[in-house]
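One structure below.
Letters A, B and C mark the chains in the order given here, with residues in each chain numbered from 1 onward.
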Amino acid sequence: MARRHPSTPDGSTVAAAPPLTLALGTARRLAGRLPLHLSLMALMVLWSIPTIALLVSSFRDPMAIASSGWWNAIREPFDLTANNYQTVLEKQGMARAFFNSVIITVPSTVLVILVAAWAAYAFAWMKFPTRNLLFLLMVALLVVPVQMTLIPVLRLYSDVTINAELPILGGRIFGTGSYMGMWVAHTAYGLPFAIYLLRNFFGSLPRDLFESAYLDGASDLRVFFRIVLPLSMPAISALAIFQFLWVWNDLLVALIFLGGEPDLAPMTVKVTNLVSSFGTNYQVLTAAAFISMALPLVIFFALQRYFVQGILAGSVKG
Amino acid sequence: MATVTYDHVTKRFDTVVAVNDFNLEIPDKEFLVLVGPSGCGKSTALRLLAGLEEITEGDIYIGDRLVNHVPAKDRDIAMVFQSYALYPHMSVYDNMAFGLTLRKVPKEEIDRRVREAAQILGIEDLLKRKPRQLSGGQRQRVALGRAMVRDPAAFLLDEPLSNLDAKLRVQTRAELSKLHQRLGTTFIYVTHDQVEAMTMATRIAVMKDGLLQQVGAPQDLYDRPENVFVAGFIGSPAMNFFQARVKGQREEMHLDIDSFQVPVPASWLDDLLPYGGKEVIFGMRPENICDPECQPCSTEAAPVTAMVDVTEVMGSEIFLHLVADGKAFMARVDPRCRARPGQEIRVEFDMARMHVFDPETEEAIGSREKR
Amino acid sequence: MVGRRWWTPWLWLAPALALLGVFLVYPVVDTVRRSFLDERSKSFVGLDNYRFIIDNPQPLVSDTHSALLNNIMWLTLFTGITVALGLILAVLTGRVRYEAAAKSSIFIPMAISFVAAAVIWRFMYEFNTDIGTVNAAVTSAGGESTDWLRDTGSPQTWLTERGPDTMPRPIQINNLALIFVGVWMWTGFAMVVLSAGLKGISTEVLEAARVDGANEWQIFRRIIVPILSPTIVVVATTLVIQGLKKFDLVWVMTGGRAKTDVVATLFYKEAFRVGDFGVGAALAVVLLLWVLPIMVISIRRFQFQEETR
């Protein structure tokens, strides 16, 4: 029986293994994995082509788009132009729409986090009668189709609409055709998911932390702002990304509550209108669509990790 | 039932050599324990045998069959994992029956074997339960049972006791030994715990950094470690090591350890002669250091004066943490000894039980019989 | 905590409860009420609105039967294909070194709005082979250019060149084309969630199965899928809800033309184009009825999670 000692230099000894069997084994393994790689690659290509097609076409000359497939652009890579973007941004009002999307999305995202974190703290760390029942109801609300709520809420809005114009931003102050109406609506629709996600995260924080803070004499408010919020940044970032994308990509709520006010329309509404009026004018549509995708894509690539976390944390989103 | 042979087996992960030119023959019916610190390659060696990792170089035989390219399922081995790896969605019965179902064993035969194994392990009442309804000890038994029903050529066990509490571990150790006798199958058992190795093994293989250090019966490893690593790894508390210099000639020969000197017993003179004037590593187990006040050593006792730093009372014995001129070492003495922290006491080294190692190669000096 | 005033929790909950009450609870109740009233919500009409949906008296203006059938198509095909593809991709991507890149490319459509996706796919489906990628591929493979969003024939007629059509009605080419866009957008979601579940399965369990004698397919079929089934249910319920509520995609791509309406688009048409709030509300209630079982499943699952927490 051969023995090796730690200090003998033959740690690097190469045992005499027949190289042929080794090579055969490797080859066999590779051949076995070929179908795996091929099918995966095929799916990756299939899934990427539509987005790439859009991106390439949005930089092509209108004449070229109409007369030859986007895949021909590879042959004449210097014919690409940013004219489509200029047209869309200037003549079709996409710049204003982009601005509207930001105005609608940012406050809706902040509001939903505040209100939901507030409620989730109570659900997670306060005892009160009907707590579980109330939370179950919240889970149930996750699956209510938004469409269903539109008519009644629209009726309510028409009763409370304040017709005066909102300074600086434009639109009415509240009700249909107002930014504020959009903020409140998006916040409300985002709440069930947000509360569900945050409550689960808050609930997973160690109990000792709260108890020691209470013993130190901290109030609920203090615990909430100094302990819960800072510790929950992963969940809150995930939620923020989600809510941001959800509001940014929303069409239905904007279509209904903005009441066709063209000055307030976010990009989704704008692009939809372009589709119905420009049908197959792909130089306009592709550029417009890509502008509306740009920010979500940036967020997606920059914050992919949180994005995935958010999905995993609450994959019941309705 | 079969012999297992590792023939110059090497496993590399990218740049790391996990198992390095590993040679070992495990005869049929042996209980071999692969032991070593974490990351020493012992688990990898086991997984190579199981067919869960590909061998980089070398050959593994089960019986006479070369199994390098035989998939795990066709190797006729069973494995018990550290986490037990029970199928969470199956009942205990189905967990145990799964391997047999896949092999298309007739239903009645499966039933017979599962019930027999369950009876041996005392888990007949649990057959309908799901793994999550079981305690750690029960899960461990189910994992064993799942291996047993297969009636494999060899049992592979990867740290199967490390998730049990201390008391259950002691109990299960004895039961595993009993099971081994009863089944009469080759057991290959991986652990980082030298106590498990000592208590259960018929032979122990010690590994470090992917290299096999020494193979032998437990008592043999304890009495005659072949290098510093094995000497320090086997035995608890670990052996004390001192930097020493061999001084003096013949009858005058002694080991100089800066703070104190110990005479070299006559039987060692020939072995240490070539090291005259040179550095060696002097090893002494804590249990071979005694307090002459309460329990004198053997005839070849060498007195050493030291300061008591800390005492650990174990009930059946006391561990003394001693310091002699800045050099710390441990003694394991009778509980009647009255040494107190801060006291200066005189202890005796049992020189008949001494170990000496070459500082360069870290290999043991002296003929085997002596050690 | 001892000494917390009884109304403190309610203070913390108040903003959320108020918003949920106004925007979700009240509308549900009100919609149910309106579904029993006439088009202006003035007088009680009993079940007339529901009878309208069942009888389908105006198939040319608002084809309720087609919408209901199409929704069932969405529910089954969209959910089934997406879950299956997601599962396959979760398993495949977990076995290669370029896992991150593979996942990103499948996942990107998740970040895109339905509106942008609609533009992308109108472009892909374009009839003109100099523009439409799909038709360019079909024609270069020897097939005929197809108007994917208008063709109400079944895949059978398409394959057999306008031959006999024995397939059930709602299996229309344009519906399938729309559903594929949904699949394209949601497969990433299914893949990510299932892949996380897959990573949660201990490797030792899979190795145990291998040592027990299972081949790759048996491991997948008898170990992975059963262990993953709770996750599969989560993914499937989410997708069913998506399939039910499908609005944006259909609305922007076809506007419900050529028999592609689903309940949500028909509801929108009834309520906001035709102006019949009664029928619109009844359609919304139908959607809610379909969602109810899922609501029950979600609540059960949540209670189970709480117990096992």
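Here are a few things to note about the model shown:
The definition used in the following text is that a residue touches a chain if its C-beta (ideal position, glycine included) is under 8 Å from a C-beta of that chain, and two chains touch if they have at least 3 such contacts.
Just so we're clear, the structure is a prediction, and the values are computed from it rather than from any experiment.
The pair of chains sharing the greatest count of C-beta contacts is A-C.
Nearest to the overall CA centre, using the mean of each chain's CA atoms, is chain A.
Spacing of subunit A relative to subunit B, judged by their CA centroids, is 54 angstrom.
If each chain is reduced to the centroid of its CA atoms, subunit B and subunit C end up 58 Å from each other. Averaged C-alpha coordinates put the centre of subunit A at 17 Å from the centre of subunit C. Residue ranges of subunit A in contact with subunit C, taken from their complex: 33, 36-37, 39-40, 43-44, 47-51, 53-54, 57, 65-71, 115-116, 118-119, 121-123, 126-128, 131-132, 134, 136, 138-153, 156, 184-185, 187-189, 191-192, 195, 203, 214, 220, 245, 248-252, 256, 267-268, 271-272, 275-276, 280, 282, 285-286, 288-290, 292-293, 296-297, 299-301, 304, 307-308, 311-312, 315-318.
Residues 1, 4, 6, 8-10, 12-13, 15-17, 19-20, 22-28, 30-31, 34, 85, 89, 92-93, 95-96, 101-102, 104-116, 118-124, 126, 129-131, 133, 136, 184, 187, 189, 192-193, 196, 234-235, 237-238, 241, 244-245, 247-248, 251-252, 255, 264, 267-268, 271-272, 277, 280-281, 284-285, 287-288, 291, 294-295, 298-299, 302-303, 306, 309 of subunit C touch subunit A in their complex. Across the interface of their complex, subunit C is touched by residues 50-52, 71-75, 77-79, 81-89, 98-99, 102-103, 146, 150, 156 of subunit B. Those residues of subunit C whose C-beta lies close enough to touch subunit B in the complex are 202, 204-205, 207-215, 218, 222-223, 226-227, 229.
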